[in-house]
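Shared between the two complexes below is chain A, which pairs with chain B and chain C, respectively.
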Partner chain A sequence: MEKKTQQIPAGTSWLGQNWLLLLTGFLVGAAALVLNLLGNPGNMGFCIACFERDIAGALGLHSAAPVQYFRPEIVGIVLGSLLMALARKEFRGKGGSAPALRFGLGALVMIGALVFLGCPLRMVIRIGGGDLNAVVGLVGFIAGILVGLVFLKKGFNLGRAYRQSPLEGLAFPGALLLMFLLCVTGLCGLFRSSEAGPGSLRAPWYAAILAGLLVGALAQRSRFCMVGGVRDAVMFKEFGLISAFGTVIVTVLLGNLLLRKFTGFSFEGQPVAHSDGLWNFLGMSVVGWGSVLLGGCPLRQLVLAGEGNSDSAVTVLGMIFGAALSHNFKLASSGDGSTPNGHMAVIIALVILLAVSLVMSFARGKEGKK
Partner chain B sequence: MIDATGYSCPTPVLMVQKEVKAKAPKTLEVLVDNRCAVENVTRFARNSGYAVRVEEREEDFLLTLER
Partner chain C sequence: MRDRGIREVPMRQKQPSCILTFHTTADAMDTERVCKAAGLAGRLIPAPRDVTADCGIAWCGPAETRPALLAALREAGIEPADCRERLY
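Moving on, here comes the complex of A and B:
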């Protein structure tokens, strides 16, 4: 049996522990700016929820014509994480921690994100672009996380995962790679593709996959997560992750200023955004609460899926399913505002989150033994 | 000893935090099965004044916290 022992003294050097996180935050912000310059939609250089929604559209799971495109960024993140995990011998097939619940929570997170119009990552990119609606979203996001943390402190968890075969861990990254290869070899005609609207605005595929690979690899290495930032700051008084969160905002803001794209902070006239404050707040509350129960933001789920975690792969599939529901049943907002169906869905999502939180904190029942 | 194998973060850190708050032990052994948990538990332990010894086993990591 191989035995390696490492001795780590007490005490800390903050920068020594967190420089990689700050670098990841900078790179994520820079990637968003560059991809935006190369053609991705406004304040949407890099958005996990939006891109998964576009993939759902490309696969014909919904028929909203403006948001259909097989986004290479998503493939890049998962494969970047996979390659980094393989290089660092961290790749492991594992899963079996409440997959059906995770699928459902993933769907709820996506529904909330599409009422707000963006995942946590796009939220900070929107703030850096001067969109004050996203600040309202941020307040809701933090509120949702804080509610989730109450249950985490009471003992909430989704149960343990188990070792699975490497093939189980490779199934999801492999499927993404296969579909991506079908795309770049010209067989993408199979998939739907927007001719107008956000889905038609796209950076060249090679730039998109490269940015995804870089972000995925660095995020795997640094454990970058938008939800973990607030969580760790509140629960453990650790500020590394939340500093990375801030770094994204600062990078995007400075980048927009340098590129003379910044037109000041305002609520109105923001790209792919609306000003229904209450629903921006509640939509992101669902995202924050759901993500903290899932143990990570949508980006983190992609990275974990790349490491061989099939629970996270199932969560991503749940998010894609949630995107399909959102656009098939008019739950998703648009630049014109949120929808009555969206309001109803957010309220139902909050009730489900409360029920899941209560049951998995206080009445989990017996789980299988090791 | 805390067995946190199978759990993903933040659960392992929460388990350690609970034990440290309740009993403030001089030494504490924690078993985890992924690098992320090793890093997070180690960071929490160091910030709480513990030195950490990480022993890599075949599938798992045994962390020994001491102060």
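Moving on, here comes the complex of A and C:
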């Protein structure tokens, strides 16, 4: 192997090493506040699961009228990551690591997220908004990650990704850009659009895409990932990544206080949230466990897809498929609470995650190293 | 300092290190097992931002162990994605 050497300044302080992560956390929190002020739903200024669910509705993959809108934030994140990766010569078409399993795991992660009503990012934004149900979700999320880490240590492996053509890596960002252009040029009669409910609450498209571009670019540069944050804290006692999520909570909390929107911490009456503690816990356990197996949280999957990773693009498509399942078969919760179908789906998701974890950990052990 | 109840935490000095990144997390875990068995110093770390765009796990060992490390991994059938020397 060719010898490469690299010099970095010795003795860099913790802040010196992690300022970019903290800045990303601040920017995500600020973007959530600003987009919320400009029209996005309460405590949902920035939520990957909710936005992908809205896109699934816009594409007609589900027929839940209140949650249909082609969210520009998702396009912005992927394109922001793509531009940053190109600028830093980190864009590489690659893939081929268990795409079908990743599609399925992506769908399960989305089903869990929509039982809880939010991705890990919205979970911390909800905590900053005073929603204690999200604290229950956080405990479940961490529990799911810890279970996933046990299997990682046992040798869980979805197989390696291989280099692919740049065109393969550009296909997903390109498709999103094309659909976005169709939307903003008024040719969007193709897509469905909510007239009431969360899908009708939206920031102007130019603000949404700008926020997405900034978050995507900084998340690519800083490797911002909620699952990675918990993993690093547990396995390596490194707290840089997880501090970024603390920064999101603090930013949202202070912003809500300044804007006089904070009404105290409580379980009841929170926007687009329910207080079924068990299902908040188990829903986010599915998200945590599934995300560890996938190698990143829903935001990270978008960023990786922007960097040219077609496995992550497939995972995002799986999430959109999961959102469609959730709304077509009444798996998704609402402000009124979780549903019996949702409970069944979470239990099935946990059983599938266990089966996949066991097979991909121990089957590989039998094969030997390579 | 100790008299006032404040614990002194010595600052870790960065050392010339060999950083290995991998195609899968499982390879990183296997590397830890192989290195322990071979008595090679080092530990798993979060993959540094300036080494790889992935947010995976890397192996960090003293720079002087690089030849022995690569030989041990070759023997175990583990192919690192990248190997760099830098202060860590």
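Note that the second predicted complex is superposed on the first by the 353 of 370 C-alpha atoms of A that agree within 3 Å, B and C clash if a C-alpha of one lies under 4 Å from a C-alpha of the other, contacts with A are read in each partner's own complex, and residues count from 1 in each chain.
One rule holds in what follows: a contact is a pair of C-beta atoms (placed from the backbone, for glycine too) under 8 Å apart; a residue touches a chain by one contact, two chains touch by 3 or more.
All of these numbers come straight from a predicted model, not from anything done at the bench.
Of the two partner chains placed by the overlay, chain B and chain C both lie in contact with A:D232. By the touch criterion stated above, A:G295 is placed in contact with chain B and with chain C alike. Applying the stated contact rule after C-alpha superposition, one finds that A:L241 touches chain C and leaves chain B untouched. When the two complexes are overlaid on their common chain A, residue A:L152 makes contact with chain B and with chain C alike.
Touch criterion met: A:R163 reaches chain B, while chain C stays clear of it.
Under the contact criterion defined above, the residues of chain A that touch both chain B in one complex and chain C in the other are 1, 3-8, 10-11, 88, 90, 97, 152-153, 157, 160-161, 223, 228, 231-232, 235-236, 238, 295, 370.
Remark: chain C residues 11, 13-14, 23-27, 29-30, 44-46, 49-51, 53-57, 66, 70, 76-78, 80, 82-87 touch chain A in the complex. Per the touch definition, chain A reaches chain C in the complex via residues 1, 3-8, 10-11, 20, 85, 88, 90, 97, 152-153, 155-161, 220-223, 225, 228, 231-232, 235-236, 238, 241, 295-296, 300, 307, 364, 369-370. Contacts from chain A toward chain B in the complex involve residues 1-12, 17, 88, 90, 92, 97, 152-153, 157, 160-163, 223, 228, 231-232, 235-238, 295, 304, 309, 370. Those residues of chain B lying in contact with chain A across their complex are 5-11, 13-14, 17, 34-36, 39-40, 42-47, 49-59, 67.
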